[in-house]
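Below you'll find the structures, each written out as structure tokens.
In what comes next, subunit A is part of two complexes: it sits with subunit B in the first one and with subunit C in the second one.
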Partner chain A sequence: MTPVEAVDAGAILEIRDLRLHFPIKAGLLKKTVAYVKAVDGVSFSVYPGETVGLVGESGSGKTTIGRCIVRLYKPTTGYIGFRTSEGVSDIANLDKRELQPIRRDIQMLFQDPNSSLNARMRVGDIIAEPLEIHAIGTADERRSRVEDLLEHVGLGAEMYNRYPHQLSGGQRQRVGVARALSIEPRLVICDEPVSALDVSVQAQVLNLLADLQEELGLTYVFIAHDLSVVEYISDRVMVMYLGKLMETAPTRKIFERPAHPYTEALLNSIPKRVRGGHRKRFVLTGDIPSPVNPPSGCVFHTRCQYAKDICKTESPPLMPLPDDPDTSVACHLVDELSLSPYYTSEERAGMETNRA
Partner chain B sequence: MNRLTGGFGLFGARKKNVELGVQDEYQLLTVRQLMIRKFLRNRMALLSFIALVIIYLVTLFAGFFAPYTARDADSKLTYSPPMTIRLQDPETGHFHPPFFYPLRGKRNMETFQLEYVEEREKRIPVQFFVKGEPYKALGIIAWDVHLFGSSDPAERLHIMGSDVRGRDLFSRIIYGGQVSLSVGIFGVLITIAVGSVIGTLSGYYGGVFDNVVQRVIETIRSFPQLPLWMALAAAIPPQWPPEWVYAGIVVVLAFINWTGLSREVRGLVLSLKERDYVHAAEASGASTARIVRKHLIPNMASHIIVTATLAVPVTILGESALSFLGIGVRPPMVSWGLLLNDAIKIQNIVLYPWTLFPGAFILVAVIAYNFLGDGLRDMVDPFSR
Partner chain C sequence: MDIVLEVNNLKTYFYIEQGVVRAVDGVSFTLEAGKTLGIVGESGCGKSVTSRTIMRLLSPSLARIVDGSIKYYPAGSPPIELTQVDPYGDQIRDIRGNEIAMIFQEPMTSLNPVYTIGQQIMEAILLHQDVSKEVARARAIEVLRLVGIPLPDQRVDQYPHEFSGGMRQRAMIAMALSCNPRILIADEPTTALDVTIEAQILELIQQIQHDNDMALIMITHDLNVIGEVADHVIVMYLGQVVESAPVDDIFDEPKHPYTQGLLNSLPMIGRGERLEPITGSVPGPHERPRGCPFAPRCPHVMDRCRAENPPSFTLSPASEVACWLYAEEIEVGP
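Our next item is the complex of A and B:
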């Protein structure tokens, strides 16, 4: 491991100017004709013990960022600093052998529990796989650890010899959770872990994740497209669009005071009843533009209802708000716009009293 | 706990599930149990499987099941028609233990054909576990007991007739099966070994290697199959001993077959390596060897077995075709295709129609393998209806 100078001293994970451009090859000689700019200059930090929500439409590059962090993909350029007890190492530029010890600390939880569990393996063997790969413990120790884990995620040790097809969707995702936690990682990348589940089961799995975080001091990067899920579990939210960050803010502020037109549009897409009727608001139309030829200037200007001329030519940097350094926004018009919140702070307060 | 199985139809109403500790009258079935069930329900596949097991056992113990050896000739009985094993005397109507009437050849002075008539005066009993010509069971154990045969060594029994040199066709078919059926198995083993290794490598690593392999496969497959086989078989040196020629034919047949399997495996690997469980293993730091061994092979094995089963009849037919045309295995080796070579002339088919019997055996073996392959294909996907 090569220690790298960390800029953000408190962060467990610090990403600076991450880019991943997939080449598009065509023709007989497989010449590279263009690049898919899946992630295009993203920087953020994650602090120990917190949950960072990463939201955006399909194709916004959120899953790609997650896969870069666990190094399923090698980033084109950029820096991914991960803090271990021995210092900070740059995951983005390690080779396979150097990555091996770090893989113990970072695990991924996948979206679809049907495809993330090998149908030919028993539940116990699936959960024990990371332990086996890192040669942790004897076979007996691994078995008892797996049985503990099964109890821990609410399945029971008798599931050890089951096959995935004998489990329900929620149970399968619990197996996925147990596998991710088997080698005691410090950072878990959750890639839409509940979007393939029934709503009632979603809540169970989210609660399980929250409990485990508290108990084990885990840090989550939580990728989702469902804002209500993100609201429930995240401390901070990062909004992505076409490979770039649009806004990062504490969860509550995202809902109470969205600062980017895209965030507002996402919030508007959540169905909500206002005074007995359906809320009618501006809703995003069309698809996200192609990441092969992203729009010039601000990538969101083609779908932004507030877009002005400057948006078409100049790309706005992600800047902290002057009056609120926790919130950063990439928008030229941030000072001019007054965007509608999902709920006002009074509504929020009212909801919290109701809950209590 | 009921929810576990609901809607899947995966439980048999037999035993109490001890493992679950519940009292409901069902049990969870493993994938393997489901597969076996599915296979047993497919009657044709099951029947074919049993037929193939019998055919293979008979050819494996050819010395015992065949009344004569493959080279045992009788010049007095050339091209003798099949002899009937009787239980009833056609004249008196009396029943006897199994017996046959020996054939006597007589030259027809108009056509100069040797014509055979039954010698009704002589009733020769058919004996079971009869001592006859010595042979080596499985190639090692010397023995001389045959399942059945004529009780009189001087009077030969040809239940499927004999060939130009008076050799028993039935015995030759059984010995020929050793070659024809083993060519299928060995050819497919080579196909599996080469096809799956190359397919896995080119699917998993891609890049230049994949590109080169795919172009090679396209080139091989762009030739018509039979002429290519013929060209390759013709390249086998004529001075080679028959055993080498046999091995050469196996390689020639596998030379085309591996391309199909390799493409199939490549496609499977391409799809499997993007599954999340492979990503999960990669994210945990699993080595490529581990991913191939634990995740790719177990998920491909069933498909490879099905493809291989369906490739066996193709290989058998290929060997038969080459031997029929005289460029396959060479005498003194016997194979079904080589035996069919006797029926290559129309006058032989008219005069000695029994020389077509080996074709019937090829037909049965090929059909059985195809039904078996279909059954296995259904079995591989036990959740389908």
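Our next item is the complex of A and C:
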């Protein structure tokens, strides 16, 4: 493993060759018999003020990456450079004490607001806890800060003394947002923040996240499996499969010009209404293979309709497209394939005129 | 028209310490053989209680059917009033799982972890059909093959934990189909699954429905699933049907402000504009508003809405809407 240095000067977060292999232990002596390769060689950068969407099926490793960034997991190998005013630190290799100041800058918003809030704590105390941990302000200052936050996320200061069970799902997720923002982080990892919410409430929380980003200049890594949600909120999208990145591109290009067969398959499995009826979805056969024993060569070849012999033996690297450096793809056949988009640029123009 | 199920003004109330919860409060629909009825609504709207009332799965000590009727029309015999049968009796047991089958949301929690998949499918077959164990096992393997499980003669002896999420849901479907039901009730069958697997499961359900001329009730909060499979849709809010219409009308000309709000809340790829969510959230079971249940969140609310619950206005032979906005249209009309 060669050490890497920060090269991407503009990035707030730069991840290089990140790997997390969970050992599987068995037998009396708990010998390690195999590894789950949850994240297997992922590199990308995140720039200040943008939202990067991380999509993939369950088991693709998207949540694991999020948890490595906040260091709920320690990566097996790799580099996670985070830029602060004092320079760049490699989060992947810091110890607990060194991490403490950085944790102020990176916060996480969890999927299930029912289980991520302590049922025995009052709403106000839940939101104030990060402030206490980082010893910010006096008790009075903390209280007024929490009341401001409650107003800010649309709950109202009178919620201070309520318990989580007295709130609805959407209100609980707003508490989660307020807690994540209490110590003014710069980067927020949103792990499926709306997938447990009802449709009408989901839209409210998405709008809240977008407003707060604009107002506070936040950077989001947005993990989700729902592509229509990702399209709505992200500037760039990264598509993951079995612990590897398949494609990264600006959001619009992902939908207009997918470059990886897996991206195409995901787009084709989104429900879509065309000409007064729902289209028939293309069905990707089979399940995602086990990350304990991933397929040889390109990990997607077992489900790829275009797979050739080379795909079974050699793993394709993630490379920028020659004519479009914003898009990077890990596919041997990238020059030969012409993949079907979610919409053509004319259709897209049509959608935009319709609403005007 | 071959009607298999007719639900009329069904009301199921829960009597608990804190008071009465009117979970289902006047639901009506008809279901035809070979057709799909979609029931859509957010959590707490009563869609699952409706299905469990039809199956008579709710404990009578907790949930009471206070009004209405559920008529099931078996093939070649007189209709059965399901609200009147004993929920623990032989009559409902003959129907449940045999003529009316159900697929539940979470395949992880609705399969028994200590029995093999095969044993669980055979249980339903042996209960309802007078066949030997060998025949039941052969039938179990056959239905597993039908739902696309690879190597069904080996998989039949495996336990639920050896199946992936999508395969568990297929096994649930296999179990529901093992007795060739006339009605299949699918309660959020794809909610816990990835989009790619969801597409597989929906295609499978529709293909089996087509082959067996089965009637399907698809219960979901996901309008896109409804759009793909349903012929007719009822939209529920706080136990009531607020709109009932053919599927294309729901998407192209939604009438009720709640249906319109649901559609506006859905991120549509390429639309690019800001979402317009419905304000507020679904009230708790004990905070039911007076008048129209949707009035506190409705952008078109009028004084009348807060005072009186609107009846269902028939707009065309196939569509009804419970909203005062349409009262005049009807009164002035022919």
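As a working rule, the second predicted complex is superposed on the first by the 347 of 356 C-alpha atoms of A that agree within 3 Å, B and C clash if a C-alpha of one lies under 4 Å from a C-alpha of the other, contacts with A are read in each partner's own complex, and residues count from 1 in each chain.
Definition applied: a contact is a pair of C-beta atoms (placed from the backbone, for glycine too) under 8 Å apart; a residue touches a chain by one contact, two chains touch by 3 or more.
Given the structure is predicted, the values throughout are model-derived calculations rather than measurements.
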Query raised in the report: In the superposed arrangement, does A:Ser200 touch subunit B (first), subunit C (second), both or neither?
Result: second
Query raised in the report: When the two structures are overlaid on chain A, which partner does A:Ser116 contact: first (subunit B), second (subunit C), both, or neither?
Result: first
Report task. Return first, second, both or neither, reflecting whether A:Gln107 touches subunit B, subunit C, both chains, or no partner chain. Result -> first
Query raised in the report: Where does A:Leu266 make contact in the superposed view: on subunit B (first), on subunit C (second), on both, or on neither?
Result: second
Requested in this report: Please work out whether A:Val33 is in contact with subunit B alone, subunit C alone, both, or neither, and reply first, second, both or neither.
Outcome: neither
Report task. Please work out whether A:Ser168 is in contact with subunit B alone, subunit C alone, both, or neither, and reply first, second, both or neither. Result -> both
Query - Common interface residues of subunit A - those touching subunit B in one complex and subunit C in the other - result: 168, 171
Query - Of subunit A, residues touching subunit C in the complex - result: 57-58, 168-171, 198-204, 206-207, 210, 225-229, 231-232, 255, 265-266, 269-273, 276-278, 281-285, 287-288, 342-343, 347-348, 351-352, 355
Report task. Could you please specify the touching residues of subunit A with respect to subunit B in the complex? Result -> 30, 67, 70-72, 99-100, 103-104, 106-108, 110-112, 115-121, 126, 129-130, 133-134, 158, 161-163, 165-168, 171, 176, 179, 183
Requested in this report: Enumerate the contact residues on subunit B facing subunit A in the complex.
Outcome: 3-5, 8, 10, 19-21, 28, 30-31, 211, 275-277, 279-287, 290, 294-295, 298-299, 383
Report summary line: The subunit C residues in contact with subunit A across the complex are 42-43, 164-167, 194-200, 202-203, 221-225, 227-228, 248, 251-252, 261-262, 264-279, 281-282, 284
